[in-house]
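Some structures are shown below for you to check.
One chain, subunit A, links the two complexes that follow: it is found with subunit B in the first and with subunit C in the second.
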Partner chain A sequence: MDILSTIWLAAMAGVTAAHWLAPEKLRSWVLPGLTAALLGWLSPLTLAFLLLAILLAWGSQRLAHSGPAIALAAMLQLAPVIAWRLNAQVPLPLIEGIAIPLGLSYLALRGMHYVLEAYKGTLPRHELADTAGYFLFLPTITAGPIHRFAPYLADQRRLRWNAALFSEGLERILFGYVKVTFLANVLIDTHFVGWIDAHHTAQSATHTYLTIVAKGLNGYLQFAGYSDVAIGFARLLGYRVMENFDRPLTKPNVQRFWGAWHMSLTSWCRDYVYTPVFSLTRARSLGILASMAVLGLWHEFTLRYLAWGLYNGAGIVAWHQWRKLAGERLERQLLDKPALARAWQVLAVLLTVHFIFLGFVLVQHPSLSEAVATWARLLGL
Partner chain B sequence: MSKLNAAILGAFEQHRRKTYMIGTSELTYAELEADVAALAAFLRAKELAGERLLVLTGQDRALLTTFYAAQLSGVTIAILDPKAPAAELATLIEAAQAKAIVADSEVIERLDAAGALAQIAVRLPVGAEAAPKKGGFRLFGGAKPAAATPADDFAGTIAAHKGAALEAVPVDEEAISYILFTSGTTSRPKGVMISHRALNAQMCTFVKNYGLGADSKVMNLLPFHHTDGLTQGAVMSLYAGASFVRPYAFTPDVLPQMMQDLYRHAISHLVTVPSVLALTKALDSSFDTSFDYPEFRFVISTAAYLDPVLWQACEARLGMQVVNVYGLTETVCETMYCGPAAEHRRLGSVGKPIDSLAKIVDEDGNELGIEQSGELLVGGDHIMSGYFNNPEATAAVLQDGWFRTGDLAKRDAEGFYWITGRKKDLIISGGMNIYPEDVNGVLRQIPGVLDAVTFGLPDPMWGERAVSCVIVDENADPSVETIVEQFLQRASKQKLPRDIAKFESFPRGPAGKVVMAEIKALYALHQGRDEAPAGAAGDVGAQIYSLAARVLHCAPDQLSPASEAETVAGWTSLSHVEMMLALEEEFGFKLSSREIMKFRTLGDAIEIVRKRQAA
Partner chain C sequence: MYQILLDRFGQRAAYWGTMAAYALLLGLVALSFSAPAAEFRYGHL
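Up next is the complex of A and B:
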């Protein structure tokens, strides 16, 4: 169910209309009901997994006092996506040849979040219907953001027609489509890439460099556009879903970049990977590397994604080291030299963007050796 | 015509089609105007100008109709708590010397049975409120016929005068708009008289300082027999042409509903008391965004001391501004404002006087300088005219145009005022004023109680709580339960002390006066075991703040339970580790994984340590 598909556009319009036209008493049932109906029609398997996740989440909430039960529930939330990720590498019985259910990787993270918050005892008091409503939330089902339960419930409980929010929603959806269709598909992917191909010899260092930049920008615009559409759709329905990007390409270091890129995933990794690993080992670098490795593997169970995660994790660890050894001192020294400080800031942003874009090379090619070859081409080798 | 009446007429004229009140049902300015016009015609016909009219009703629409009709007719309105026991009301009704009463039917019956209404000829009983109209279809037949109302009750009177033109009789600025009683359950009551001039002055200040306009939506669930509910809600909304939201009275169990209704009604100003803010601490994280919408302006905290830690914690967690205000029933409502303007805001203070004068004096009435603590005196157009029929009490507090607040305060170099204590004998518990002498008077009336002493103690939830020590007759020896039961028959629940302790004798000074410091110490000894954990828990907070300040290199007073990495500059992931290690070292335990995952804010740390210590 791509956001560019007619089905998605029709679903947004239809669900929004039905949601607001429904009598107030029935409204909280309209969205989960239509989400279930739509998924049941498009992909019954997806619906089945969603319903399982809901029951598992609700059950785990009842057993939240038991550590082992929670660990089991969390693993079960994660199991389907692990199975399909493995299946993509080594065909598994039962699911061999069956396409991965829609948004399964996002469902796993929402499910883990719910179960672990139940364990921490921070879930607001709620009913089974609220849990179902959280999982059957159409705007974010296929491509995030990985929104959290407590804010969802707050919005659900105080839902009202809000013209300003609705118009913001329309605006965000428009921005999203402009990012995806015009900026990414037309400007970058067609014109910029076409220009690169026309003016630079293929395989040359310049061609390679510009292609990396084009792919980086394209990736950002595509993903940010998808998030805009999801966030905008949620606003049409009166919900405010967490942001996913905060101008990541303007950040002066890797840590800040990852705090601004796919924020709903990075904050998930911070809360449910970094913190527990850190609490067990008391080693921060290990926590960072583990988070980034999980972040990579969440996309795909392959060596290249693991390498990509560790590459970025190492970047963050290195940045912390640099900051401790020299960075902080340098920043202090630049305090009374505004011109130099600005120049340093620009340099830092450029360095960060290049580090990130060069990292993307790892996952833009089917194998690691090809990625390394691309890096080599940049150096004219 | 008084400025107040001109403003009332102007609001009706200008905002006819707007909603005035969202109560159990909606009331437009035009609907209110029609009721007010009808009741005013009745009051004129009864020639009640210059007289007093009692109001005791739980029905907001009837109360507000009566309030505005009384103003336009030059009638002084005295509002009492309809839920108070007949014995307490009888004293106040006698003191008010009223000619007319608007009250819930059952209240009139109750008071009549107690013989409290003998002098009052004009009575308008208010029947049960009609159920709000329901939408949807009625399948069979038309609307049910409304229950027949006797023509001489409140609704009947309004119906009989429906269509009367809205008129205001000439009313002088000094005419008394309303009387609210601040004390006097048994002794001589103090009825605060507020003139048309004073009320108008205060309303103009409210509208200006709070930035109220026709777009504003004010939520205030405080009772109407308190100035905070009446003037800083219903009346100020009318002055601004704003809407006033009050679908239910406040009780702790409506708190979640109230928080959800903020956004639902797009409230711009919430008027509440510190105890309600303290209660929000118990709400789960799904309420953190309750104030996060563009229409919301700020919270106004009134009626009691606002603890700076609570103040800061609420603002940080809920992402809103709390405007702390200070005033008394005698100053209409408020006299100092800490915000919303930045130049009026200093956390922990009561801000600066607006449209009013203030000075701090010593025992002899000499004005004191900066940072010197003394009694706070205030002046201005919003000061009361006096206590009704009580010249001695009036003379004790109104001198040369200044009103003696009985509160101790100091002014800092930048003109901010800080309340430092209280000179007068008063306990403020959850925003309710409790006079110890009132409570003692009630207790002494109870058979078997020989003497009573009441004082206030600090309380984390209510600001202060009232505690009474009693000496009982050995032969009768009434149990505490009996005393409570007897108390509630004589005075309202709000005045009931939180604790009653039986003593054999009171420590007395040479003149036979009870020595308060000694009796408090004896009481603490008495309660020793119960008091200890509260003190220890308070220390955990202080201990954690000082520990965090050390690790994060900041001042402890910058920290609050809501402090977390995002709000404290020095709090990085590295110092987070240090914080955890420091916590483990300080309190001598190892944090579990669950605790480490939960630890995000200093409030979390305090909770974790407290749970550990309790276990």
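Up next is the complex of A and C:
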């Protein structure tokens, strides 16, 4: 269900109209009901997994006092996505040849979040209908953000028509479509890439470098645009979904970049991977590497995505080391030299963006050896 | 957008500025909508 498809546009308009025109008592049922109907029509398998996830989540909430039951529930929330990820490498019986259900990876993370928060006892009191509404939330089903249950429920309970929020939603959707259609598809992917191909010899260092930049910008604009549309659609319905991007390409170090890129995923990894690993081992570097490895493997169970996660994790660890050894002292020295401090800031942003874009090369090619060959071409090798 | 313009240029300029910006952006989207879409894998995760 692509945001550029007629079905998506019609769904946004139809669901929003039905949501607000429905009697207030029925309103909380309209969105999950229409989401289920739409998915049942487009992808019954996706609907089946969503319904299973809802039942499993609700059941786990009732058994939250039992550690083993919660561990089993969390594993079962994760099992479908693990199966499809493995199936992409080695065909598995039952699911061989069946395309991954829509948004299954996002569903797994929402499911794990719900189950683990149930175990921690932090979920607000709610009914089965609220759990169903959380999982059957159309705006974020296909491409996130991975919103959390408590803020969802708070919005759901105080759902009222809010013209200002509705207007913000429309504006946000417009900005999202500008990013995806005009900036990414036309300016970057058609004109910029066309200009690179026309003016630079293929495989040359300059061609390779500019292509890496184009792909990095394109990836950012596409994903940020998709998130804008999802966040805007949620606002049309009266919900404030967490942000997914906070100008990541302006951040001066890798740690802050990852705090501003796909924030709903990085905060998930922080809460459910980094924090437990750090609590158990007291080793910050290990926690960082573990959470970035999980972040990579969430995309795909391959060596290249593991390498990409560890590359970024190593970048964050190296930045912490640099800061401890020299960075903090340098920042103090630049306090009374504003011009130099600004220049250092610009240099730091450029270095960070290049580190990140060079890392993307690892996952832009089918194999690691091709990615390494691309890096080598940058050096004229 | 309206609020940013309102803080700097006043109500009338903010209103017309916002309307003009929306019209321009809508036009760009309309013209670009059928451009070939680059592969975007997050929608398929």
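One rule holds for everything that comes next: the second predicted complex is superposed on the first by the 381 of 381 C-alpha atoms of A that agree within 3 Å, B and C clash if a C-alpha of one lies under 4 Å from a C-alpha of the other, contacts with A are read in each partner's own complex, and residues count from 1 in each chain.
By definition in this document, a residue touches a chain if its C-beta (ideal position, glycine included) is under 8 Å from a C-beta of that chain, and two chains touch if they have at least 3 such contacts.
What you see is a predicted model; the values in this text were computed from it and never measured.
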Inset, instruction - Considering only the touch criterion stated at the top, classify A:A150 as touching first (subunit B), second (subunit C), both, or neither. - result: first
Inset, instruction - Could you look at A:T275 and tell me whether it touches subunit B, subunit C, both or neither (first, second, both, neither)? - result: first
Inset, instruction - Pick one for A:T122: touches subunit B only (first), subunit C only (second), both, or neither. - result: first
Inset, instruction - For A:R284, select first, second, both or neither according to whether it touches subunit B, subunit C, the two together, or no partner. - result: first
Inset, instruction - Have a look at where A:Y134 lands relative to subunit B and subunit C in the superposition and call it first, second, both or neither. - result: neither
Inset, instruction - Return first, second, both or neither, reflecting whether A:R158 touches subunit B, subunit C, both chains, or no partner chain. - result: first
Inset, instruction - Using the superposition described at the top, list the residues of subunit A that contact subunit B and also contact subunit C. - result: none
Inset, instruction - Please give the residue numbers of subunit A that touch subunit B in the complex, ascending. - result: 116, 119-125, 150-151, 153-155, 157-158, 160, 162, 164, 240, 271, 275-276, 278-280, 282, 284, 320
Inset, instruction - Could you please specify the touching residues of subunit B with respect to subunit A in the complex? - result: 260-264, 266, 284-290, 293-294, 573-574, 577, 581, 591, 593-594, 596-598
Legend entry - Partner subunit A, residues of subunit C touching it in the complex: 1, 22, 25-26, 28-29, 31-33, 35-38, 40-45
Inset, instruction - Would you pull the subunit A residues touching subunit C in the complex into a rising list? - result: 1-4, 100, 103-106, 142-144, 171, 174-175, 177-178, 180-182, 184-186, 188-190, 218, 222-223, 226, 299
